[in-house]
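Two complexes follow with chain A in common, the first pairing it with chain B and the second with chain C.
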Partner chain A sequence: MNPLVALTRDRAALAGAVLFACILAAAVFAPALAPYDPLAVRMSERLELPTARHLLGTDELGRDVLSRIIFGARASLGVGVIAVAIAGIAGTGLGLMAGYYGGFPGTLIMRGVDGLLAFPAIILAMALIATLGPSLVNAAIAIGIVFIPSFARLAQASALSLKEREFVEAARASGATDQYLLARVLLPNHLSPLLVQVSVSFANAILTEAALSFLGLGVLPPTPSWGAMLDTGRKYLDQTPWYSVAAGGAIMVAVLGLNLLGDGLRDALDPRLRGRRQRMEAPVAPREISAQT
Partner chain B sequence: MARHGIGSRITRREFVAGAAAAAASGSLLRFAAPALSAPAPAQAPVRPSAGGVLRTTLGAEPTTLDPHQSRTLFDFDVKDALFDGLLDDDFTEGPRGALAESWESPNASTYLFKLRRGLRFHDGSPITADAVKSTAERIMGPDGLGQTRSIVEQVASMDVLDPQSIRFRLKGPNAAFLMDIADMKIVPRNFDARNPVGSGPFQFVEWVRLRHVRLKKFPGYWREGRPYLDELVFMPTPDENQKIVLLETGQVEFTDTVPLPRVQDVERGGKIVVHSVQPGVSPSSYYMLTRADRPPLNNVKVRQAINFAIDRKALLQVTFGKGTLKSNAIPPKHWAFNPESVSFNERDVNRARRLMNEAGQGSGFSLQVKHLTSRAEFFTLAQVFQANMAEIGIRIELIPQEIGIWVNQVLVQRDFQLGLTGIVPRYDPDAMLGEQFSNQRVNGKAIGWRHDLFEKQLEQGRANVSQEARKRVYYHAQLIAQWEAPGFILNERPILYGAAPSVRGFKPDIRQHTHFVDVWLRR
Partner chain C sequence: MTAYVARRLLQLLPVVLLVSAIVFFVFRIIPGDAAVARLGEAADPESVARLRRTMGLDRPVYVQYLVWLGRAVRGDLGESQVNRQGVFSLVIEKFPATLELAGLGIGLSLMLSVPVGILSALRRGTLLDHFTRLAAMIGFCVPRYWLAVLLILFFAVQWRLFPPAGHIPFGEQPLANLRFVALPALSVALTLAAVQMRFLRSSLLDIIAQEYIRTAHAKGLAHRAVVLHHALKNALIPFVTVVGLEFGNLLGGLVVVEQIFSWPGVGWLMVQSIIHRDYAVVQGAVLLIATGFVTINLLVDVAYAALDPRIRYS
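Coming up: the complex of A and B.
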């Protein structure tokens, strides 16, 4: 069954996709969607409860909370994309090479990656940001580095299992170089688990960015960030609980959507559940191989 | 020649500190002692009862218990309990003797102090004039730090006349010397900061890092019957909200501050009493230093533009109305306040833009503001400032910093453009103007603003004995300081304490020195 079809049949995954699409839309179309400038300070309207004018109330500087939530999606998604790109590219590359070559270089790479895994993610991110300085990009880099181990291990496992398969040996016998095998054979066959990992890590990146901003280590004010809003909102719970609730709710929607989507992807792409043909098995020297099959 | 006794019996008015303080106390007494925000229980005055343990929060872990090395207000809280100086450092009712029972001053450069008899340190050793001298010598040595050093640096010579008497001869006249010397805490010759011995109402028991500093009553304290409390425990609690939780759940009896967003709520709740200082009196301010010796801030028009563009009314809203509008280093109710100096209390964006254009900075520029994190409102004040500056084309980048890092980068290394902090100078106009702007002192050194006439006027103010003469001098000094604006006063910084209803006898000090010597617990 076509994985796309399988995905659309999965209600939970669909819900996740819708949620994530909302977040994506908020990030992309923020200037059009937000009723106010997220940076517009109006002290006379500070800490208001939700009204018709301000659907989620205002913050401690009189800024519209709804607008800041919408623009906050940019920080979250921005960090997610950069972090996952860094972790995905670096981690997958390292993992595939470690798994394919094996031996001493492989062990060296994986022990290095394991070293990263030994640190609690937040602590490592904090240390990196202390060196690089707080900013959106630096937070994304820090999170990306911290997520490398999960991608690397996944890729290594894929490479280990794939490199024993006949088509890989056959391709090698036909004179394919290592680089070709890595890029054109192993990687494409690794796409399914990779895609699932991407969605899970994306969700984690959003959570980690929120945590870092909560600790004051992420995006600098006045740029809106859900985590920072969650933290600041704590001080003003007496005046308006909506401040923190909105920020927490936004984080929840984003992470829930991505997790549901990730689950759905995993189910749709799992060959054992769907029993579909592996279409992408042999892109190398196709004529010889397929003739034999 | 004037001779002064213990307490507030002032016999001659030519002695300026006495005169200044008397005038100050007179004007202060007109506005009554710092008021309680919540109504005190209406009953006949109750006699204080001795005993009990008072646990209080502290804004941060103390950096040190050495009174000559303390930098932060958090250090001062513990310092005030452990140590005493020659005079009491609360001058709102005039100079009062602490370890010194009397003093005389033939002129503004010579001061003779007579110690009380029978004074002892916590370890039992007697407090003599020799100990005072060795304390001053210690401060001038490697163990002395910044603020305390400036007290002793002005001393030319110290003579021990007899075991109870010591005479200070200053390098130059200083009418405010009594206030300065009150901040010098006397320690024994063999002082060791690991087991601090002083002469204050409480003595050291233990310091468990990041947990508490425990003090107990010093039974040999020179004030009869004081302190009332048996034990005093300081618990570092950096999180403002946690302080209130601890107070509400009875885990502490006192908090060193109340988070501003919670004040109204806490007062209404009735379980906690909020103590605050009368607005307009305290020298406490939010203060922004500038690197006035580098472009673009070395242009006075730029600094004025910034100062005019600041919306102080909005800043007052950030503090929920606590404190008051202030753009002058001298508080509005102080005797030396000059109402004719430029005031920046009213925002004037148009004037600010004009000034920017006149300075050739019409296209704007970027500036970094390094601000403290010790109070939640610093973040909000900084963001209001940022929004204000955006309107005149200045792009502000905010850099929150822990106090230790801030002090190092801004004050020591001078690696900053704008620095936002809270400051509580001594009550004398020399301290208020000098500590904020004079390039001879810590903050002014960091700012790097040079103005010879201003410095001369500060000298004159110190030298002059008559309050009328001093007032004229400081009027002029303010004209200069307000016009030049090397640093910006961003309103009065509110001083608030939270206490359980059982805590009695507490009086908030306008310099935010927390005094527990008169505090007792009603059981």
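Coming up: the complex of A and C.
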């Protein structure tokens, strides 16, 4: 069965795709969807409970919470895209090279990766931001660096098993250069696990960005960000609980959507898993355990 | 076994060295000159040069690293810019609070995940199984900091059962300490239990599908006896590893929880120090957390090898 067909027959994966599509649509069409300007301060309307005018109430400066949540998708997805691009390109490149060349350069790369893995992810990201200074772009860079090891390990494992296969031997025997083998032979054959890793890392990046913004180390005010809203909102839990709760809910919807999609991709791209209801039975990888920040 | 432990300990050394190098060089990225930062922009070049010499900033970077490493090994991580206290003692002081939260969180999560995980595997495909799996999926995707906010909303703001934040050392008032630790520990436990339950259920089901379990069934043993006596023991081996890894990960995973509940642990100290630009403390905390992290992971490996002899000989 075609992986795409398999994916569309997987209800959980479809639900994940729909959830993620909603978040993506919110980010892209935010100006059209948001009922108010997310930055417009109206002190006379501060900390209102949900009403017909403000569906999720207002925040401590009278700004519309729903509009800020819709615009907040931009920060979360933006950081996610940059972070996963950095980690995906650097990690996959380094991992493929480490696996393909092996020997001293391979060991050197993988020891560096082990060094990065010796830190809890968020601690290393916080250390990087402490030195780079808090901002959206720096948060994305820090998260990207922290996520390099998971991509590198995956790519190295792929390269190690692929380089012994006959079609790689055949390509080499017919005169293919190392660069050609890496970019045109190994990389395309690594795309399936890479795609799954991208969706899982994207979810983790959103979680980590929200955590950093929550701590005041990510997106800076007044730019709307779910993590920062969760943090500010918790100070007004006795007045407008929806403020904080809605921001956290948005984070959860994005993460849930990406995780369901990732699970579905894994099943659809790996013919051995297809058809078996593997999802909840699949063992949890140690890296997934660290997802929670 | 001794040989295995010795080998793993030897492997720890380069990792810790690498960690220390990463920590040192990450904190070299800080823009600007540390001597200028301490004396202010208006300081005359001569005193800046003098301070640079006393701080060792005029020497090559690798020498600076070795000097810093030499001091770090002796427990000298510099002093806090904020209160002039030694960084090492400042960070170590905060570890008990973090460990209390991590320990209680893990303990509570196990009380929940082990019975539910076993029951879910035993009654596979029943309503109970579907319900626990759904609960686990939700628990897996709920951000821990959101769960913490929800717990505060209901248990502290609405029903006023527990204080929303704060900390009293266990040694001073044990009961008050438990009231303060309840919500943060619960927020940790519920999210961990989801992962543990999923894992225990799946490894139990994997093992139940194996030949020796079929043999046990063929002998006429009751299903419950087969699961509890034959399958569970083997399923618990990887489970111990997962729980151990979770414990290590909590060193990072507690940062936000500690911040939400004003719980004065290492993560809380780190966030406060970043806000106050107290780089020496941040650097020391990162170094000690990472060292603790790799040490815990080593202990997990050793425990795994002790439980499963196949690991030692491979």
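In this text, the second predicted complex is superposed on the first by the 272 of 293 C-alpha atoms of A that agree within 3 Å, B and C clash if a C-alpha of one lies under 4 Å from a C-alpha of the other, contacts with A are read in each partner's own complex, and residues count from 1 in each chain.
One rule holds for everything that comes next: a residue touches a chain if its C-beta (ideal position, glycine included) is under 8 Å from a C-beta of that chain, and two chains touch if they have at least 3 such contacts.
Fair warning: this is a prediction, and the values are worked out from it, not measured in the lab.
Student: May I ask you to decide whether A:G216 touches chain B, chain C, both, or neither, giving the answer as first, second, both or neither?
Tutor: both
Student: Check the residue A:L61 against both partner chains and state whether it touches chain B (first), chain C (second), both, or neither.
Tutor: first
Student: After lining up the shared chain so the two structures overlap, which partner does A:L230 touch, if you call chain B first and chain C second: first, second, both or neither?
Tutor: So A:L230 only meets chain C here.
Student: In the three-chain superposition, say which chain, chain B or chain C, touches more residues of chain A.
Tutor: Tallying touched residues of chain A, the top partner is C.
Student: Is A:D238 touching the first partner chain B, the second partner chain C, both, or neither of them?
Tutor: both
Student: With both complexes superposed on chain A, which partner does A:F119 reach: first (chain B), second (chain C), both or neither?
Tutor: It touches chain C, and chain B stays clear.
Student: Where does A:A173 make contact in the superposed view: on chain B (first), on chain C (second), on both, or on neither?
Tutor: The answer is neither, since A:A173 touches no partner chain.
Student: When the two structures are overlaid on chain A, which partner does A:V137 contact: first (chain B), second (chain C), both, or neither?
Tutor: In the superposed model, A:V137 contacts neither chain B nor chain C.
Student: Check the residue A:M43 against both partner chains and state whether it touches chain B (first), chain C (second), both, or neither.
Tutor: A:M43 sits against chain B, while chain C stays out of touch.
Student: What part of chain A is shared between its chain B contacts and its chain C contacts?
Tutor: Touching chain B and chain C on chain A: residues 216, 234, 238.
Student: Going by the contact rule at the top, pick out the chain A residues touching chain B in the complex.
Tutor: 39, 41, 43-44, 46, 60-61, 216, 220-222, 232, 234-236, 238-239
Student: Could you list, by residue number, the parts of chain A that touch chain C in their complex?
Tutor: Interface residues on chain A, with respect to chain C: 111-112, 114-116, 118-124, 126-133, 207, 210-211, 214-217, 227, 230, 233-234, 237-238, 241, 244-245, 248-249, 251-252, 255-256, 259, 280-284, 286, 288-290, 292-293.
Student: Contact residues on chain C for chain A in the complex?
Tutor: 14-16, 18-19, 21-23, 26-27, 29-31, 133, 136-137, 140-146, 149-150, 152-153, 157, 191-192, 195, 198-199, 201-203, 205-206, 238, 242, 245-246, 248-249, 251-253, 255-256, 259-260, 270-271, 274-275, 279, 282-283, 286, 289-290, 293-294
Student: Using the touch rule from the top, collect the residues of chain B that touch chain A in their complex.
Tutor: 240-241, 259, 261-262, 265, 311, 313-314, 317-318, 373, 376, 379-380, 382-384, 386-387, 397-400
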